[in-house]
Amino acid sequence: MKMAVTTSFHNSGLAEVLLPEIAEDLDLEVQLLVVGTGQALKLGQAGDVDAILVHSRAAEEAFVAEGYGTHRREIMYNDFVVIGPQDDPAGVTDAASAADALQRIAGAEAAFVSRGDDSGTHKKELSLWSDAGVAEDGFGAWYNAVGAGMGAALNTASGMGAYILSDRASWLNFGNKGDLGLLYAGDPVLFNQYAYLPVNPDMHGHVKNDLALKLEEWLTSVRAKELIEGYTIGGETLFVFNATSE
Amino acid sequence: MVDLWSGLSQAFWLVVTLDAELLEIALRSLRVTLSALVVACLIALPLAGLLAVRRFRLRRAVIAMLNALMGLPPVVVGLVVYVFLSRSGPLGVLGLLFTPTAMIIAQVVIIVPLIASIAHQSLRELWQEYHDLLISMNVTQGQKIRTLLWDARRALLTAALAGFGRAIGEVGAIMIVGGNIDHATRVLTTAIALETGKGDFGLALALGFVLIGLAITVNIAIHWLSRTEREGNW
Amino acid sequence: MSALFPLVVEAAKTTRRGKVLAGPVDLRFEAEGTTVVIGPNGAGKTSLLRMLHGTARLSGGRISWACGTEEARHHQAFVFQRPIMLRRSVEENLIYPLRIRGIDRAEAREKAHQWAQRVGLAGMMDRAAPSLSGGEQQKLALARALITDPKVVFLDEPCASLDGRAMREIEEVLMTARTGGTRLIMSTHDMGQARRLADDVIFLLHGKVHECADAANFFLTPRTQQGRAFLRGDIVE
Amino acid sequence: MVDLWSGLSQAFWLVVTLDAELLEIALRSLRVTLSALVVACLIALPLAGLLAVRRFRLRRAVIAMLNALMGLPPVVVGLVVYVFLSRSGPLGVLGLLFTPTAMIIAQVVIIVPLIASIAHQSLRELWQEYHDLLISMNVTQGQKIRTLLWDARRALLTAALAGFGRAIGEVGAIMIVGGNIDHATRVLTTAIALETGKGDFGLALALGFVLIGLAITVNIAIHWLSRTEREGNW
Amino acid sequence: MSALFPLVVEAAKTTRRGKVLAGPVDLRFEAEGTTVVIGPNGAGKTSLLRMLHGTARLSGGRISWACGTEEARHHQAFVFQRPIMLRRSVEENLIYPLRIRGIDRAEAREKAHQWAQRVGLAGMMDRAAPSLSGGEQQKLALARALITDPKVVFLDEPCASLDGRAMREIEEVLMTARTGGTRLIMSTHDMGQARRLADDVIFLLHGKVHECADAANFFLTPRTQQGRAFLRGDIVE
């Protein structure tokens, strides 16, 4: 079966742990299509994949509402972190909340890199900006929308010595080339929920819904919970399993 | 610079240890690209011959168009091929999306104009030389084209190699229609894009160097093969 | 096979970018003999031959073969002023027109060897044709034209770079062909050759037929003053 | 298929309403590519001339290498240029990363081998014709090269247009070195890649059609310009 | 300027893919006069001239000009058997060798017009050179060779496709050049022309100098049997 996943999920490296186990347990070969969130939803709509695993709640709910997906099942979450230059010119380290951190960046007009690609991360970032009371048209030259994937955006930020909002997995995998540092994390609004959506077989008769359901069952099982919560990079746990058994 | 050295050393180790995964995607790269090249040549070379030999009203327009299509942005080609092959598209029933075949189709679309343009360029020169003779011999269009293609075969090599180069280094289109699926449609370029996306520039560069090495090997092999059958100085 | 001749040319002319290269000319060719086209450089000899042969586009008038153009084109050959060599071996060059006509390779090679012998290229079958000397190229072009037994052969200064003996031999080959019923239409600057070969003469000037006469008459007593001047090697106005 | 029609109609409206943002990135595309083309031609054409005219020991190797480099994968070029221009790289002090200049550099690297290969192909033919004459006139190497380039200028056009096409449609490299930053380094191809990632295939296709239209316009304009000065049939 | 002559050729030969095209030859040329190279097709006339001129690579022996090769190359010109036309206008073709020598455009055009007049191409200055007729191309090549006032001119069958009058005129041009001190070394198949122009004759056979003699003597009484046969137009063994 084919599953479209977002770049950030794939970049976390978790897929490489899960896929062999799935193949073993279910005798099921899952082919991953690593694309942007928008493109993943698009592939689902067209019926070119059997299921999608993304993290953009509003878009997901619309996807189900329009009948492209049968339902939405939350699997796990990780969190976003604010990355920036070690010397921290905007003083983000001392921020009280995520909104505060962003306000400080805007106030200092410190260079900031945005994914700018309409991905889950990007949407999250925009909503954080609006929470922080910084309107989109208030962005000055310090705000760089790069329109690229997470790894590439981190690289850009590292190249420019800029702040950036990243998911923790990508950040850890990035391995910090350059002099960036994790400056702020922990605000609950930064949680990043991943959800699994099987494509609706009523819309596309050829999708392998049975396999998709089998996979869903596995993803929400105890076995998956162990694997997901046991996955660490540099000693840090990345994902928190939060699937509810139906 | 660190990335560069790390890339070089990783490339070295990948190659000397004959890394199984590398071998798999490198072979897939070659297979896809060579298939695309063969198909593209079968289309482009006769087309170039026809354009050289035949005067028809829209000839100049077709040539200008071919030249322009050399600039077909791969991503757009990828999208268009995707739209056709997608389940909800007209050819969806064939189930070709996210298969090597889809990648071959996209590459063919990209390199046919390139090969045809460059080939036409050489054939035109030769045709100016042969024109009077072949017309005088009352040769059919097909025979003219075959004669030109045969006698210009060394020059056509450049055209084919340009096509090969373009195809093997191309990523935008095959990423969209192939999907970069591990063990199915992952080739060198999409693997490089993936590693770049992850920010692992060292590995990306290593794969890149392997790719360049592959391209150079193929080129030298072809040059060498075509030199052995060399007789005159054409 | 129906007869090609008479070939009737009515007010035919060929132009290039508005400039008249040859014509308008009215001519009539019968089935037998050798016609030699003479005239100063740039008179339009090459253009006239190409027009008759059909490789230069007619921009006015008509050229009609008795059997229709398509069939006529099949039975013609042309030897160009500047030999055009296919980028292949001498043998491949000789074989080419035969293969085009669907003759099988073995038979074609057989014939190629005969003709190479006849024009004195027997020892060079495997040489690349473009590397032949000037005279050798002319011989090859001639053999390649005659190898298909055409009914009409156009020859544009076929002996310009041949040595004395080669010229004599080639003239013999042409004479044999003529006796065998091949119609020859050739241009030359060598008046000696023209005298030896011509049955009739077309004297061209500024693209037009200035005089068209029986060879014997023309060389003895050209009708026009320009004809006389040309034969003397004087200024032709 | 819906995407295709939506793309076409969006392209139409974007163009007729002269959408400001479209205009900006289209002009940037043109500026970057044309600059790269000029620089690349200045390097590649003399190089092609030199390879045609001069016999040196490594000549055939250089030619095979150029042919191979036609296949330089853009992503790899992007990475290498990135490594050099990055803050921690040897040219970091110039601060060129994520600027249009960096994109021009990457494009130049990509199209120089392409232009040089194709140009060399035509020049070689012409050189075979002129060889004896120019040697006999005791012409210097520089004069030979200039004569060849001038007399083959129409054929060189194909080479330049191939380069233009490759550059304007290229995305992998300029994405990495330019960063696809809005209002700074976003060009048509990177915008297309972005919209594709967003899943907005309609808009991506629309931009793609605009890009193709642009390429065709440039080609036809150049063909037309070069035809007006046409005299002979070479 | 130091003297170019004598030109001494010692055991010089030129080969191509192992085949000897011409040589080994030993020759000595003095500063004055016209040398005519004759011999059957494929004898190596073109190869010999190219070797002397320096466009064919020497694969053995030595060719030494009195003043050194570099300077000598500057004062030579070559008219090829098959005219090589630059893909430019007639005028540009004539101007080219002058511009190469750094002469300014106005002066070069002036000279080009004079020479076009002399060889009878005055009316075609703006024509594309490759579209000229065969004879016109030969005239242009000749004018382009002589326009730089070279000290030595090599001519490879320069009159092969010229009409009677053009040939006479070109011969006059050559005679004038010779009187003006230009050394001419030419090949031809036209024995009449050889007799008219030659001061001495080199008779080539199979790439070797078979006979090298004073023109008057050679044409009256060739020393070798092959020489006699060649002049008669017989088989030369």
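For reference, chains read A, B, C, D and E in written order, and residue numbers begin at 1 within each chain.
Criterion: a contact is a pair of C-beta atoms (placed from the backbone, for glycine too) under 8 Å apart; a residue touches a chain by one contact, two chains touch by 3 or more.
Please read these numbers as outputs of a predicted model, since none were measured by experiment.
Trainee: Which is the least count of steps on a path of touching chains running from subunit A to subunit E?
Mentor: 2
Trainee: Once the contact rule is applied, which chains count as partners of both subunit A and subunit C?
Mentor: Correct list: B.
Trainee: By count of C-beta pairs in contact, what is the leading chain pair?
Mentor: Summing C-beta contacts for every pairing gives the maximum at B-D.
Trainee: With chain centres taken as the means of their Cα atoms, state the distance from subunit A to subunit B in Å.
Mentor: Inter-chain centre distance comes to 36 Å.
Trainee: Distance from the CA centroid of subunit B to that of subunit E, rounded to the nearest Å?
Mentor: 50
Trainee: Mind pulling the subunit A residues that touch 2 or more other chains?
Mentor: 35, 149, 152, 155
Trainee: For subunit C, write out the residues touching at least two other chains, lowest number first.
Mentor: Expected reply: 131.
Trainee: Residues of subunit B touching 2+ other chains?
Mentor: Residues 2-3, 88-89, 196, 201, 233-234 of subunit B touch two or more partner chains.
Trainee: All pairs of touching chains?
Mentor: Result of the pairwise touch check is A-B, A-D, B-C, B-D, C-E, D-E.
Trainee: Under the touch definition given earlier, write down the residues of subunit D that touch subunit A in their complex.
Mentor: 82, 86-88, 97-98, 175-176, 179-182, 184, 186, 190-191, 193-194, 196-201
Trainee: For subunit B, which residues are in contact with subunit D within the complex?
Mentor: Checking each residue of subunit B against subunit D gives 1-4, 7, 60, 63-65, 67-76, 78-80, 82-84, 88-90, 114, 117-118, 121-122, 125, 128, 155, 158, 161-162, 164-166, 168-172, 176, 188-189, 192-193, 196, 201, 204-205, 208-209, 211-212, 215-216, 218-220, 223, 233-234.
Trainee: Show me the residue ranges of subunit D that touch subunit E in the complex, using the header's touch definition.
Mentor: Result: residues 126, 129-130, 132-133, 135-139, 143, 147, 151, 231-234 of subunit D touch subunit E.
Trainee: With touch defined as at the start, can you tell me which subunit C residues reach subunit B in the complex?
Mentor: Against subunit B, subunit C makes touches at 50, 53-55, 73-74, 76-78, 80, 84, 86-89, 96-97, 100, 128, 130-131.
Trainee: Help me check something: in the complex, which residues belonging to subunit E touch subunit C?
Mentor: Subunit E residues touching subunit C: 16, 39-42, 46, 81-82, 120, 131-136, 139, 157, 160-168, 189, 191, 230-236.
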